[in-house]
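Per-chain residue numbering starts at 1, and chain names A, B and C are given in the order in which the chains are listed.
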Amino acid sequence: MTQSTETPMVELKGVKKRFGDLEVLKGIDLRVDRGQIISIIGPSGSGKSTLLRSINNLEAIDEGTILLDGVQVNRPDLKGLAFERHINHIRQNMGMVFQHFNLFPHLSTLENVTLAPRKLKGMSASDARALGMELLERVGLADKAQAYPSALSGGQKQRVAIARALAMRPKVMLFDEATSALDPELVDEVNRVMKGLAEEHMTMLIVTHEMAFARDVSDWAMFMDGGVVVEANTPDRLFSHPDQERTQHFLRKHLGAHA
Amino acid sequence: MDINLMIEIAPLLVKAAWVTVDISARALFFGFFIASVLVALRTSQTPPVRWLARAYISVVRGTPYFVQLLLVFYGGPAIGLRLDPFTCGVVVGAFNIGAYMSEAIRGAIESVDSGQNEASRSLGFGRLETLRHIILPQAAGLMIRSVGVLAIILVKNSSLVSIISVVELTYQAQRLIGSTYKPLEVFMLSALMYIVIIYAVMGIVEFLYRRATRYTFR
Amino acid sequence: MEFDFSPVIDYLPTLLQGVGVTLLIGLTVAVMSVIGGQIVAVITLYTRKVVNWPLRFFIWLFMTTPLLLQLYFLYFGLGELILIPAIVVGILGLGFHYMAYNADIFIATIRSVSSGQYEASRSLGFGHLRTLFYVILPQAFYRALPQLSNNMIIMVKDISVLSAIGIGEMVYVSQYAISVTFRPFEFYITIAVIYYLINLMMEAGQTWIERRAAYRR
């Protein structure tokens, strides 16, 4: 990976995470530059989702450092309310997209998008509305602004969830298996939105099972297994000529004859 | 059946029914505050505070409301707690139902999918903001229904304050049975009043429930 | 403020007698209301309207009015017609009250046993009644257990209310002792503790029963 000298957007140094006796992240180092798109692939239980959730501090890490644009995310020195304030502020700069969308069912599509800017940034109702409509337009759902999540398809829900995350103008977007819960025919519409973001040079970390999409959209690809990064390379190289046997084995299983 | 007698005693029973409503409504109101405090204590970061709240809930739920009432009313003066019968009914009712209600509120909050909390926190909302904007609106429906069930129990429990001579519906009914020797007539009329009160509570609960869960019907 | 529990010790035999009465009533009412509730539920579900409508009405009436009011009605109403001891009135009153609550549960759980079970049993050659007894009711019973045991835990606490019609359970026997010793606080605390212990034991029993019944559902 070509390393620029500017501050990386996201940086992980020696990140370790345990669930009880089980070590799920065994010392991860990672550097994501501004505008870079990184895909993380690997079998379930490899730690790839935990890694992504750790960056957002949805999982608190046990060791190591996580930096967002030079600011430390995990702060073992801060306790209680002080940490609470710190992490809430940090999270406003990160957009997270979940496998199961987690749209707020009691709010309309537009309200889902505008809630955070209104309540956290004190944006006026009319400004928030304009922003919300702009983002819904961007994900192709302006006509569903007044609809409630229960009336949307899975693909539409995920597009709203992306718009909701974008509403805070995040520095980086984290996608945690954003298309895994979707019916196959709905995957494309979400992928198109993500590709649109890539073209606008949004910094993105994508945990995915969609090998073709990962290869197509990302600048750098990582294969994780057993809590370690087994191999990281350009997507072309990683998907066509992986160096490690574990990677080859995983890709053979998931790509079949197309590899 | 003695219709004339029923017409004659109806005003007395209506007046007593109002006392039943009054005492139950006040106990529900204060009980809700007690329940909210208990829920907060149960999620406290300090373990002894959590244990204390749990112990309180366990003891209140594990002993009869009737005994609690007698203990506070007759035993209270021994520890310097002197309450008139009506106040005693409200206070014991509130502290009793508060314990049950705290469990109902906690259950409703826990029924909201954990993904909702994560999504909200990932946007940068704090714990309380998440509770207020995301969790409570979604828990409200279930919460209203369970509190409604408890409100009905509270109305029925309020009959027990007749023992400490609050002139509510059951007290009046018992007195009228004694003075008229017409148990059936008195029972039917007073049962009717309880039924009216309980159905009114159910109606209010249903109305609030529909308002709170409007989003699921849209 | 000073507490003196020695009067409670003095009256311990009386109090224990009250505990005995409480437990006896609890056991009788439990058996009566569970068996009765099941019978009422079956009659309500499988008979003509002339039979089941009055039953539904009584279930509804018992569930929408307070126990104490029902007790007063039975005590003075029945007492006017025939001479029966208060304890019988108390057991009947509490029994009918919880029979209604239990019947309500059984009605729901019997309905929840799938029609597939009924058809499977009939296809084996079992008649309607045998299907009911061998297939439907056992399943409905296991499904009802958690709520039934809840009801019984609540019921035991309600036994204290029977003191209002002069039945010599814990509260009633203490009231006499209190009128002599003027120690209401000590006596009611003792009763509360005893009830709490009974409650803990019943909750433990409930957990045990439910664990044993879990794989039968």
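What to note about this one:
Please note the rule applied: contacts are C-beta pairs under 8 Å (C-beta built on N, C-alpha and C of every residue); 3 or more make two chains touch, one makes a residue touch a chain.
This is a predicted model, so every value here is computed, not measured.
A centroid comparison over C-alpha atoms places A as the chain most distant from subunit B.
Averaging Cα coordinates per chain and for the whole protein, the chain whose average falls nearest the overall one is B. Here the CA centre of subunit B is 22 Å from the CA centre of subunit C. Averaging C-alpha coordinates per chain places the centre of subunit A 46 Å away from that of subunit B.
Mean C-alpha position of subunit A lies 56 Å from that of subunit C. By the touch criterion stated above, subunit B contacts subunit A in their complex at residues 45, 113, 115-116, 118-127, 129, 133-134, 137-138, 215-216, 218.
Put simply, subunit C touches subunit B in their complex at residues 1, 3, 61, 64-69, 72-73, 76-77, 80, 157-161, 163-164, 171, 178, 183-189, 191-192, 195-196, 199-200, 203.
Partner subunit B is touched in their complex by these residues of subunit A: 56, 58, 80, 84-85, 88-92, 94-96, 98, 100, 102-107, 115-116, 119-120, 148, 150-151, 161, 164-165, 168. Residues 59, 61-68, 70-71, 74-76, 78-80, 155-160, 162-163, 169-170, 173-174, 177-178, 181, 183-184, 186-187, 190-191, 194-195, 198 of subunit B touch subunit C in their complex.
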